[in-house]
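First subunit A sits with subunit B, and in the next complex the same chain sits with subunit C.
Right, the complex of A and B next:
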């Protein structure tokens, strides 16, 4: 491709016009509005569907909805989920005896939420999950249920899909 | 012994005051650099440590103190340890010959506002000493045992030969004009009716000198020895902790020296148009002149920062051709013009 270069005058070839133009631009920016978000004090408004901390949901009967089918464990790309299944007298017949998510491994992809047939796992909009100890990052079933949503579900976007259908 | 006290004590006081001003200036120039660069990029800059981030330099200094001082196995130890001093100390020594005001009269005694009064070769001294700082960079680059450092040092060496000529010739035309190497005479020549700041009559020299001084202080657009995007951190890649801080302080002290040099030679020193410091009395006139001088230096420091955050880095060969094919002939032309003018006019 042929590029036509502009014919520069003697004055332009001294670089001075370009330099002065650039310096004028940077100077004008000093007085513009700052774009910095001062994080701990100022916060983002999270978009609906933000994928943060995965949690376990409690059903209307007061038990966790999970039936220990292990689809989330199989699909989890970093293998962060560990489930030990067990039998129960409830109608769902199977339940997770243990359900751990290693938050040091979780990549917040949301596959577990998408693959779950009973909508028992859900990514809520919590972030700032750092900790000084890796062992604290392994969330067990009790913790996941405690930070998860319980009925009655609130109206609005935080309502799990089952209720909205 | 008693006869020395009237000389030694004021000199010591001046040294302490000037070093205090310069080192505080260095600390706050780093803050100004970060603030101004942030503003130019629509950011806020450091604002967490103290009001408006004003204590940031203190925090930075503390950090440097507690960082590990690493010497690479491949480094040549004696020179590696010496190099930071070679950069920082010349930068500080230059302030011995920089006059920063008229004079102060207290108790019948007159104290000129300069650490080494009566030094009539101040300009040469300043040129000579400030060039030593480059050796620090060269040696740091060579002794680190690191290819990036070595490239930075090499670049510094080639940079020196391309800008020093321009600086020297630009300074010479000012010296010819005033007929003195004494900063005080040069500044006095820019004061009063019928005299101009030398930016006017010596405009070419001013341009050449300012551009070359950017190269001497290793500031963008001529920060080739550092060249972060190509050479990691250039000559000080391997340095850490306080030794790195010395290079850092040296760079900013050099900026202050260079700004003071430009102010003295071209921007009238502490002179303001239509202001005579004798009006304000012997004490306040002197102090006011010092304030004006440092204000001018501060404005130039802002220009240094402003240019750094505007212009991209020159390429290695572009700096060479700028130094040799543009600045050198321009400075030479200016020198010839000035000499011709002086011969035609006759020595003033």
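Right, the complex of A and C next:
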């Protein structure tokens, strides 16, 4: 394939016009609004529906909503979810004896939230999940419920929780 | 034979046969719930409604038989019956029936064990309406009814197909179940004071087309789509039922019968299924162990062959009459061939006998009192089989060394017999025990060989009718346990003897030489229903089924 090169004049071949053009663009940014944040002192306001840390939600009866149907385990692309089901005396019959999410594997795709038939798993807006030890990244059921959302009138919660917090 | 047309297929069908059977045989899909090939026909669920030309309304395909018309009254000049399964009338009838069945169905598929293998799910997608027209609260009924020791009943999910009731009346002949109440409150129930407690009760779970009856043992264990299934053979009696082993992550979760008219029909006993429960408590063997004094020393397999040869060769007991070689009916044919080769090479004698362990009674359906799956295999291999329940202490009398394969001779014995065996084994110079778990017998051993369990290896088993069936490996042994034929190769090679390569196929070639019925056959012929390698004794056959 033949590429046709533009004919450059003597002045253009010094590259001064190109440099000046670039400088103009760069310096014009000085007068624009700054987008850089002084993280972690300053924080970004996350958009609604931001997909961060997956958590388990508690139902109105004070128990986890999850019925251990394992659809999230099935759909999870990196296979980060591990569930062991068991029988409970509650009306829902089945509950997760163990529910682990390996946050080292999670890719925050949100399929688990999408597929859940009882809206028991939900991606909240937490994103600072780094740790020095991989074993700490495996979040078990107690931890996922503790950081998950609870209904407002459960003991110790007078005020309704803000959506997404 | 009458000529009929189903949709656009012309079929010559025998007079008196039902439309459904003919359709299934020719690959035409008609949905059905209450029909089961091994049970009587009741026409109860109405799911198989089809349009038959000339009939005033849709007819149930399962109970409508094919008849012949006089020559001058043939439909379109040649047909005795014209059936349509896809016409507007038939589709409307099927849709209507499904709407009724789903009307009060709880739709708790997320927690239902049947989800994934549920006929109601499948037909709803294929034949049903996407939405329900019901505007009111569904009729609720008890869930989690304790109907029997191994079965849990969910009344809401039941579609009243009565397969379970007919099973208890016709197959297990115990008749615990019946329909009670009327109308929308109709429910399957046990008779007062009775439980669904018969040796085959979990078969009702298999034939239940929905999740109404679930197995207590498998309940909530795993969703069915995660399970890895292989074809295998039940190990718990001489019947050797064809089973499908469902495993997940290295654990066998359930056994389901495979329909095999030669052996078990579509059924299987609860005792055989509960092997999954009994396997849980086992002290699973790890690596090869040698004992000196009271200390066990672990070995790697690569060093173990030489260690074995040294230990056996160095023992004062190297004469043929001083060895007791006890095999088990739990060994596969290949393992028996391995044991035979080892016995001839090192002990200069033929292996055996195989103890014939029996308890309980034969029943009319499946259960045999001989409790080992491969006794007939041992007979075909020319390995002597002991008398039924003969005391084993006699085998060890006057012997100086013993090789015991897959048989817990101490743990299974009782009272004085147990003490006698313990004493005999304790006094020996060398006891070699090979088993898949560390049994009571293994504690008395000087050499312990960890064998792969029945679910962790391939093997051929011959049941009491002479049907040879092959098992497949359901799970990979979590630790390095091996079937005995592989150990035999290792052992023979370490001593400089000729041995087949340490694989199933290598030793199966050896088996073919000694079992005449298998000589000309390939492995594929043993799948999936097995091969008759012996003339079957004249006996009542299991009721035939063609698929659940």
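Definition applied: the second predicted complex is superposed on the first by the 117 of 165 C-alpha atoms of A that agree within 3 Å, B and C clash if a C-alpha of one lies under 4 Å from a C-alpha of the other, contacts with A are read in each partner's own complex, and residues count from 1 in each chain.
Please note the rule applied: a residue touches a chain if its C-beta (ideal position, glycine included) is under 8 Å from a C-beta of that chain, and two chains touch if they have at least 3 such contacts.
Predicted, not measured: the structure shown is a model, and the values here were computed from it.
Peer 1: Report for A:115: first if it touches subunit B alone, second if subunit C alone, otherwise both or neither.
Peer 2: In the superposition, A:115 contacts neither subunit B nor subunit C.
Peer 1: With both complexes overlaid on chain A, does A:23 touch subunit B (first), subunit C (second), both or neither?
Peer 2: first
Peer 1: Check whether A:105 is in contact with subunit B, with subunit C, with both or with neither, and answer first, second, both or neither.
Peer 2: neither
Peer 1: Mind working out whether A:87 is in touch with subunit B, subunit C, both or neither, as first, second, both or neither?
Peer 2: After superposing on A, A:87 lies in contact with subunit C but is clear of subunit B.
Peer 1: Is A:74 touching the first partner subunit B, the second partner subunit C, both, or neither of them?
Peer 2: In the superposed model, A:74 contacts subunit C only, not subunit B.
Peer 1: First (subunit B), second (subunit C), both or neither: which does A:138 touch?
Peer 2: neither
Peer 1: Using the superposition described at the top, list the residues of subunit A that contact subunit B and also contact subunit C.
Peer 2: The overlap between the subunit B and subunit C interfaces on subunit A is empty, containing no residue.
Peer 1: For subunit A, which residues count as touching subunit B in their complex?
Peer 2: Contact set of subunit A toward subunit B: 19, 22-23, 25-27, 29-30, 32-36, 38.
Peer 1: Any idea which subunit A residues touch subunit C in the complex?
Peer 2: Checking each residue of subunit A against subunit C gives 67-71, 74, 85-87, 92-94, 117-118.
Peer 1: Could you please specify the touching residues of subunit C with respect to subunit A in the complex?
Peer 2: 109-111, 143-144, 219-223, 225-226
Peer 1: Can you check the complex and tell me which residues of subunit B touch subunit A?
Peer 2: 36, 39-44, 306-307, 309-311
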